[in-house]
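Just passing along the structure, written as structure tokens.
So that you can tell them apart, the chains are marked A, B, C, D, E, F and G in the order they are listed, and the count of residues begins at 1 in each.
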């Protein structure tokens, strides 16, 4: 399944990049959201998959009696999800403000700061 | 016996869910589609959760399954109401086979006021009537 | 001595305050410092006369082999004396020249700093220390040349001088580093004794070239000479000081200093002689082309510098001796002449020789001074200039061989210089009185004392050149050309040198008499050459660089976010892809079981993502994103990550809420790019996706080390007191991550709040 | 995993696919939102089945959260539609 | 008590407090000064300890490495934290004078503290994922600061800044994910240990992933675009903070990763870095040449100077690494200072555009001196800090036989001088233009408050130049540590090197 | 624009908010032993308040919440930072978990305090952002 | 009434969710629920006084579930068979319910009942507009809707 998901993640990345390369700011944001989702999933999958064994210690036991899914990447992905959520909320609002000030959705009109 | 019951619950639930999905594809307009999603899906969830409760047979699981059902039943109609209302008011087209619409005449798109049609009751005593 | 130099810098910094206290007496007070240094130097001469050298050890950055050690030997003494002594005169002169000028304090400060830098330069024993002072002279001279800073020409000339000398300085730095590597030491004294090793080193040629570039730029050798005449926009004291005894001589000093270590190879001889020869001819010819006094003097300085370089290149003992004498003579007469030019400038308001005449009646003392100094410049007896020229011709004749080319060149140059001297000394003063822009009255003594003293020195030492016997002998010994004591005499008698001098005299007189027409001819003939000369190379180079800079910046920083992205992505693809191809071998498909519904979920994920890309409606894209997020959550459920699934669901839901709130105000999707662009982007995107997949497969299919999480699984409950291992990791094992994470959230919220409400507040006011 | 569960999972995920089709086709934004709402509801059901398959009660917690919070997305969209953001969306 | 956690905790604590104080200006201003001064003191304390006792390690939560997160302070980390404190304090003081009420009322100071906290965390963490987290803290704080004020130009710049930096973050995250999949650990010392035993070409692949991720942060060629697009847009104190610290965190990360984790194939990885360094130097300086806006010139020069630092790392000899480190320290101080000074100029004349400036040499000679020191230092003029920085790198380059790239470095030095002199001539020497931007006359106290930090930093530049010995010794020891990663590993994992 | 916040939604929000709040506390407290934790709990609570906000408007939500959401952020951050310190007091590296058994079988611990800090921050951050957005939206409408 | 209802419901929910059926846990749950409601109290006028009406509630639940199942089958049948049997339309239903809570409850229950979907309440709260799928027998539909409302309101009176 890892291999299948690897391909899926590749598609997610491709989609994200394609959206990032559009001229519309809104599409840019959608690209960013896709991108961070893809990255989070990548960590999860690359660390290895386990079916039906959440990393929870049963009541009354000191450790799971069977092999459980690796909790560490899960914690990492959780942190990464939260972080990207914060960052993306910011980005989304930024785009809104930028549009309000510049009144264009076309990134090609946003060149003043480089020239 | 229990296993059979569980299996049939799960399968029926699944079937209702599928019907909902099918309905969403097939039904002709927004409001009719919403009938499918709100009801069939709620019923599907209820049945599946009953199956789940039956499968584990523990009080905690029953409680959880019940929780799921209650929560879905609490939220699904609200969501349906909100989106259905919004969709209706911004002018989503109704299916051509729609018989009547008693709402439209009572809605003022400028002020967004929704009258009951009973306001004149005090004076004239007309019942609300609409003709789609 | 280090203390004296450092004190000089401190004094320089304090000059503005000093000026507030001492007012017009400030220059005189400041002159006390160089005067004291001269005294100190004179006091130590006896030590050097015995053949010794004074080492003043001082550490700086020992780990980098950088010391502030000063070494006083003959050469250093000679230069230090010139710098300090002429410094005194220039300071005194400045007091008169810039009297009441609002920028006088700053000028004095920089002049002092410059003086101290020069002193440091000639005294430093360490290559890096020398370089430090070298660059400081470039810098301070930049400030001096740009003294009239509101004048664009002054700024431009200052910039040109700085770029040329600092650019050369960088070459010099390379040369020094290589030299230190080749010679195994950063000490000049030690390097002087390791000439053999250095000349045999594989780095010799590069280091020589680098050092020569440094020296040539500083000493205004062809093809770097042009900055010097342009620098004449500086106030006259600056010109007098920088171009007679100090700044431009730094290159000569350096060549002399490194003579023991580097000379003796054909590369050295050829390089110096060739460049020196070209420069001296060029200086002489160009001088005649001018009508501006200072410019004529400037080009004659170029000529003199070329001469000294030529002599250093020849490198025989006689040549070195001639070089030293020439150096002294030049310092005296050129200092005097520049200062005279300054007087004329102040008194008449012009520097154009063709506009002056008959001034001897109004400025008799100035005229006398000019005449004496010009005699020395012309190389006529009984001046030191004559002694120097005799020595010069003597050395050239003695060298023999192909030296005859040099002989012809030098004779030619001597003749032209003589006519320059005549023009400078005769035209303004003799003949009928012309009306200059301003009518001069008597010269203030503060202005006259400097040039008069220098002119007098030219005469005195010309009559009695023996005064320098000991100095030259000792210095020559320091340059590795020791031998019996040298005797300088005012008159050599008739011989080859005198004949050449006479030839030069004839030529000079002839040119002087027909100067107007010669000049006109020269202007015509040289115009196309000048138009293609080094100065044009320099400006073209600068312009081209600027053009290149414009071009590359327009290409790279073009304001299009997507080209930035494509560039970065292509870089990433190129680097990582290359590494994967070159450094990583085969890929193996990580085989593991899958189930049908898992495949469907994966497909839904991809479909959601692709839908988000393809739909025409913004909100449909958001909804598609939502479905993708839910599919991801489902994946987390399927593969045993309930916490992640919950988090993903909630985050996805709230993201959708947020987007719906925000997108409301934003415009609809429009198709802005051309099909070609879309295909290109699709290509880039596909490549990125493919590479990511490949990377994942490579990691998944290769050798993998066990995770450290076994510890957390085993100890999460016993030590972390929690059954949810993910949560135990989040709040205990890796709580620091979580701490950072909540700060990210908080920051994002503050940022969003500020972004949105800052405006609201403004709107409230406006 | 028993065949029943497999069938249920496959059927439900296929149902998700159907919902996605409506989501793509629209035509109006409320239509898409309804599809998304169905999507999230079906996910709740799927999680129930997976909980059985994995024999893990705690997975139901995911379903509970989804049931309680999933409709927030719809509320958000509805707000968007109500405030006039309709048009082609 | 170990001071190791303090440089992280103090700013975070101060930021939280400041956030609670929100609209209570005096408290915010007080916390700003006390907090940054506290950071500086804690950092100095840490540096003293590290210098005395060697690499210091703190196992956060008392979990043994490599299972928890380790905070590690080697000399490099400690030095960087000290500089962070220094710049933080300078900017905090400066901000007291320049930050408008509006900015202060919308979280300026909390954001500043948290930015510093993120930077300090990045410098001190010994865990690769934790590094990512601190990067993000720093990044989001910078986003918020960059957009504070909501001006049009800020928004335009921020869109590029945010997008490209997010791309970097994702690259970093993906690299960490792949790395964890490969070696199963996150502790950098442990990763280093495990990578050394792993004979896989993937190691180099990952190295390049990290190179790109950090290269974007560091604004190296060809990944730098976000920087010139945005750094001139925010309030000037923010610019100074960014210019001093942010890209240097990327550079720091490159130094860390390419000395600790991926030092094994310098012939491949560091050769690529070398090319990157050369092109970074060139492209940055050329970009600066064509600018006529004070802060834009400075921004492009950040890029070019990054090249020198990378050059030090790329050459990978002890002297070169040392030079790179020296360069970082020097550059942070000088570049932050130049931005502060550009702010003073702006305060006096109301513009950053060179053609609208002029005449300051006559009216404000002290400012001219204040400008010359960092400007000439940046151009590498002796005897200022920049000279030694450049000298060491160039000497290292020549000794390593890398003549081409050294020539580039020299040329870039000259062009840098050209830029600085251009500013000097236009802003100070040139006569003031007839038409000037309106600027209210600043109060005396305000000017003092602006000049004080600038003068302090200029003094640092001077001192580093005149007394380069102590700093040299410090970075020399630091470079030694970097080039002997086994000491780092041993300090973190213990002598026997746990699993 | 249709007036938002209908009677039905309003009542639903009034009923759902306490349920969601309680559920969020529940998720927070048991997060250490089962799926949940401060972040998830905070999101649930924020969702509840957001629903209330949409249904009843900003003013009603503020009077319900009493404190500014922004202050919740500061409070949560402070709690998070402070929870790292008790360990120092006992001479252990910072962030070392401390567990105190209180009477009535209640266990208090720094990880729990920390998680509460996370909860507050998440709640505060989301509400800050959402209220700001809604506020601006309304300001725009009124112009 | 509503307050207590929710208080109890929340308390029980707490207990069952935590899976700990001890008395102290119930107490804790009630406590938390109380706190949550206390926060809410000023906002909701309906939170005042309540009585035990458990039997009626249970009877109502049975009625409701039966409706749910039967009508769902009807909709499902229409969906899976190609022709449309449905006769949809929007009708106005006069409300007997008066309080916000009652109106909302009725509306939501109507939404959950297959074939009907509450769209909105008129501004004067006297009419509920409903989208119905099967309007072939409108009077019967109106009757059953009224019955639903009556039974619902009976829960509270």
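Here is the rule we use: a contact is a pair of C-beta atoms (placed from the backbone, for glycine too) under 8 Å apart; a residue touches a chain by one contact, two chains touch by 3 or more.
Not measured: the values here are computed from a predicted model.
In terms of the stated touch criterion, the partners common to chain B and chain C are D, F, listed by label. The set of chains in contact with chain A as well as chain F comprises C, D, E. At the far end from chain C, in terms of centres built from Cα atoms, lies G.
Nearest to the global CA centroid, when each chain is reduced to the mean of its CA atoms, is chain E.
By count of C-beta pairs in contact, C-F exceeds the other of the chain pairs B-F and C-F. Here the CA centre of chain C is 26 Å from the CA centre of chain E. Distance from the chain E centre to the chain G centre is 61 Å, each centre being the mean of its Cα atoms.
Spacing of chain C relative to chain G, judged by their CA centroids, is 85 angstrom. With centres defined as mean CA coordinates, chain G is found 39 Å away from chain A.
Along chain C, residues 557, 559, 561, 565, 595, 603, 618, 638, 640, 642-643, 646-647, 650-651, 653-654, 657-659, 661-665, 692, 696, 699-700, 707-709, 712, 722-724, 728, 730, 732-739, 741-753, 755-757, 759 each make contact with two or more other chains.
For chain D, the set of residues touching two or more other chains reads 12, 14, 16, 19, 29, 33, 35, 54, 58-59, 61-62, 64-65, 68-70, 72, 75-77, 79, 81-84. Residues of chain A found to touch two or more other chains are 20, 25, 28, 40, 42, 46-48, 51-54, 56, 72, 76, 78-79, 82-83, 86-87, 89-90, 93-95, 97, 107, 110-114. Taken together, the chain D residues at the contact with chain F in this complex read 58, 61-62, 64-65, 68-69, 72, 75-76, 79, 81-84. Taken together, the chain F residues at the contact with chain C in this complex read 31-40, 43-44, 46-47, 50, 70, 73, 76-77, 80-81, 84, 95, 97, 99, 107, 109, 111-112, 114-115, 117-118, 121-122, 124-126, 128-130, 132-137, 139-140, 143.
If you check the complex, the residues on chain F that touch chain D are 1-4, 9, 16, 19-20, 23, 27, 34-36, 40, 43-44, 47, 50-51, 54, 137, 141. The residues of chain E lying in touch with chain A in their complex are 129, 132-133, 136, 139-140, 143-144, 147, 150-153, 155-160, 162-163, 166-167, 169-170, 173-174, 176-178, 180-181, 186, 228-230, 232-233.
Residues of chain D touching chain B in their complex: 2, 4-5, 7-8, 11-12, 14-16, 18-19, 21-22, 28-31, 33-35, 37-38, 41-42, 44-45, 48-49, 51-52, 57, 60-61, 63-64, 67-68, 70-71, 74-75, 77-79, 81-82, 84, 86.
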